[in-house]
Amino acid sequence: MPMGFEDVSIEDFAMAIPDGAKVAIPADYAGVSMEATRALIRRRVKNLHLVGVPTSGLQAELLIGAGCVKIFESSALTLGEYGPAPRFTKAVREGSIDLIDATCPAIHTGLQASQKGIPFMPLRGILGSDVLKNHPGWKVIQNPFANEEDPIVAIPAIQPDIALFHAPLADRDGNVWIGRKRELVNMAHASKAAFVTVDAISETSLFETEEKAAGVLPALYVGKVSVAPNGSWPLPFWNGAEVDDAHMRRYMDMAKSDEGFQDYLNEFILQETVPA
Amino acid sequence: MPMGFEDVSIEDFAMAIPDGAKVAIPADYAGVSMEATRALIRRRVKNLHLVGVPTSGLQAELLIGAGCVKIFESSALTLGEYGPAPRFTKAVREGSIDLIDATCPAIHTGLQASQKGIPFMPLRGILGSDVLKNHPGWKVIQNPFANEEDPIVAIPAIQPDIALFHAPLADRDGNVWIGRKRELVNMAHASKAAFVTVDAISETSLFETEEKAAGVLPALYVGKVSVAPNGSWPLPFWNGAEVDDAHMRRYMDMAKSDEGFQDYLNEFILQETVPA
Amino acid sequence: MTNTAEEKKALICLIANLLRDCNHVAVGAASPIPGAAALLAKAAWGKPRFVNILGSVANNFFTGGGGELFDCAAQGRIDAFFLGGGQIDGQANINLMGRGNYPNCSPRWPGTFGSAYLYFLIPKVILFREEHSRRTLVEKVDFISAPGISDEKTYRKGGPFGLLTSKAFFHFDKDKKRFRLESIHPTSSLEDILDNTGFSFDYAEDTPLTSPPDPALLELLNRDVREKVAEVYPNFADTIFPVTSHAAQDI
Amino acid sequence: MTNTAEEKKALICLIANLLRDCNHVAVGAASPIPGAAALLAKAAWGKPRFVNILGSVANNFFTGGGGELFDCAAQGRIDAFFLGGGQIDGQANINLMGRGNYPNCSPRWPGTFGSAYLYFLIPKVILFREEHSRRTLVEKVDFISAPGISDEKTYRKGGPFGLLTSKAFFHFDKDKKRFRLESIHPTSSLEDILDNTGFSFDYAEDTPLTSPPDPALLELLNRDVREKVAEVYPNFADTIFPVTSHAAQDI
């Protein structure tokens, strides 16, 4: 470890994410750190401001159900073919979380503005959508380069405290391999620090070849790394596991009721039950 | 060639770049297509609007010297340790080309605005620079999210017709491998089409592994490919050759005078002399 | 079930024909019928040349991260896309947010995704919603995730091309800002459609039936494209392609 | 030549000490003295933790393309950077464009590069120009590539820390908006500096001499860091490290 970069236990990793943190999380296809999600629930984190980049799924559903979330900012919360997310649906109906509903490119754009250190970035479309009407941050401005009336939406920067995700590899310098999931790079650049669970540690530098280097998030942006093999379980991982279909169905069944959801937490998270 | 993508000769490649085209070209470290540059000079292209991303070197120097350039838009034209670029220096002194002098991040930002299909993007810094005072396109606007006076520069989109560069590989589908030279991706996304010379053709798909895929510019953005081994000569290439130091010194010597420069063109370009 | 499979195949062939003039079609990983249609069109005519299945690893050629789809649309490099909606109204407004008063929708649907943006930028947006009922096709949506039409001053390069359901295909008339019934699927009728559509639309009494799929196209789907579809949408492929000894041999 | 090598090493050690409080220092591929200093500081103190040599392949850890440097600076993730200039004036304005009336400068220099931006965003910008003459250090630059100071309303997180030449080190006083002579290199004198500086600056009559490099640091440079320097700046390394049998053994 030439840079003195050490991976930490998942519990220490979760402890380093403070209550009230603004946490950017990726969509299911980009690598969700479910292992960290469970550790966050175990440590009973409170008042998270989740930013789903650009959407979220089971990760936000569980955190919302477990009472860890104050604000959910995203373009969607979807469990895909498994149907409506029961805890999210309930929280919305009861108004127990604050929603900042956006549209996918605006989430990316807000992060890119933070990445570029600019206060906002304009974005086409959106005009006439009720998403615009209800969004607390967006403004409609005149395109300063148009001679005629040309309204355009200005998206303010979104700067998360932490970008939290799962990746295949980190090396001993703290570099992380994310392949072509470049939204993770944007998230990390935009955030104060990236917290990454990885399937494994590479004993050789990820910069050893230009092929590998092309998919690296440099250590400069990385705050903490924890080794969590298959850490996206039960969600699929682009560089590994398929979705655990039986478990997802079981979740949908249990999470129908408050009691069932509590049983799910007890059985699969609070007891630290690990995947088979 | 499943998609019917065919590489073309360098002369056909150059013929497809029309007079007056707005052509984005990379800095020396990112892969300059000198082979295409020579073919453009041979075909006596006229009135190019070059956009050096974010700077240029020998490529712009030769095109300017050969009378192919109407507008040079960039943050610098530098031959590095070889010293002042003689043909550029002369053209500036005589006012024979139009200059749009920028600063590096503003070039990247203008391309990113084009890439995102937005009319402009704001950028910090620059205020108080004479570059701002002399730039024909930039405007200073008020940050719409600030309560106090907060001027910020708005950089309009730069949309080149063509992004022209050299890369290690293309495959038979027209995908191009650019490694971590992601400014080439930005250039290509921002432009109407990428024109790429490559060292070689890969007979297997560049999407075959996620490692390789992480550094791919997809065929969707690629207009023409021409095979030109060592096509950055005499410039260095990040994935291959060192600079041809002796040739660069020879160029500097010959290009001191108009006659010497003409001799250089005759000897190394118009005669289609190829590198040893 | 066989019948339903045939209906789905007819929809696939119908959509494939709508994509013949496209260079690049993007479809969601959860949109098997449009996805199969795009793959079929590519196989049949080499158009669209590019088919991008979002969320897939093997069938997605984007390398710039999740934002590339949106940039690509803004660049004019995506010719057709599909949007759905829990509610769709007669002005082609779509609602992916939920029923009732926002924010406390009940039910709440997942959310707006990229619709509020892509609907403005992709020339040929095909609204696709199999359920054709007064519950889904409404007079006015409860929440406009993305508007079907915009005023003159709004930058808009794209919008609704038509609406395809399990009963019919409507074309959206941008000048009249209304749907016009284009064709009626063989399993439905004009009366059935009038009964089950919550918005008013233009139609002729003699609206034709949707043409049955071209046998050659259907054959191509069943023979050559089935494997590609199965690769991307395995569960869906199981439902529309009965397992035969021939297919078993292929595996 | 040996003398010059020693002077360059002294500059390297001086700069290394200025970088001890940094996490991340970026330097240009054509800036061997600052680059060697950053590598030396990292070797000596583990600070800066990150040294990024721009334009290099092996010693550059950026993976986001040419724009990443600028984004990174705006994020506050670059602590120190080096700028030069064909002209530098007493308000720390720098000119990289050329002499005379823009645009028809004569001579024209390469251009502004990223200076008009980085100067605003990187906290510790060290101006480094070996030539110390009235030609380079002027009362007022002909063209402001990047201004040394800005008014209150201008967003500015960074700016000039000091100016290092072959004769002296000046500190830039942001309140007074003037340079103050900090130390005089042993090869120069106050009189020499006053003679050869085109702008006025604050100084004390008893301005100290620049401290000679710490022997241990010099030893580290000559022993452990020389190879790293040679890897990044081979030509430069040849000029400052005489080839000895020891070095030859290493190769």
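By written order: A, B, C and D. Residues from 1 in each chain.
By our rule, contacts are C-beta pairs under 8 Å (C-beta built on N, C-alpha and C of every residue); 3 or more make two chains touch, one makes a residue touch a chain.
Note that the coordinates shown come from a computational prediction; the quantities given were computed from them, not determined experimentally.
Shared contact partners of chain A and chain B are C, D. In terms of the distance between Cα centroids, chain B is separated most widely from C.
More C-beta pairs touch across one of A-D and A-C than the other; that pair is A-C. Chain B and chain C have centres, each the mean of its CA atoms, that are 40 Å apart.
Centroid to centroid, with C-alpha atoms defining each point, chain A and chain C lie 29 Å apart. Computed from the mean C-alpha positions, the centre of chain C lies at a distance of 59 Å from the centre of chain D. Contacts with at least two other chains are made by residues 57, 62-64, 68, 70, 74, 121 of chain D. Each of residues 109, 116-118, 123-124, 150, 152, 180, 185, 210, 213-216, 238 in chain A touches at least two other chains. In this structure, the chains touch in the following pairs: A-B, A-C, A-D, B-C, B-D.
Partner chain B is touched in their complex by these residues of chain A: 109, 116-124, 139, 141, 143-146, 150, 152, 154, 156, 179-180, 210-216, 238-239.
By the touch criterion given at the top, residues 29-30, 55, 57, 62-68, 70, 74, 96-98, 102-121, 143-147, 150, 153-155, 235 of chain D touch chain B in their complex.
Touching chain D in their complex are the following residues of chain A: 3-4, 114-118, 175, 185, 189, 207, 210, 213-221. The part of chain D that touches chain A in the complex is made up of residues 24, 46, 49-50, 57, 61-64, 68, 70-77, 121. Across the complex, chain D is touched by residues 26-27, 29-30, 53-55, 74-78, 80-81, 84-85, 88-89, 92-95, 99, 101-106, 108-109, 112, 123-132, 134, 148-152, 180-186, 238 of chain B.
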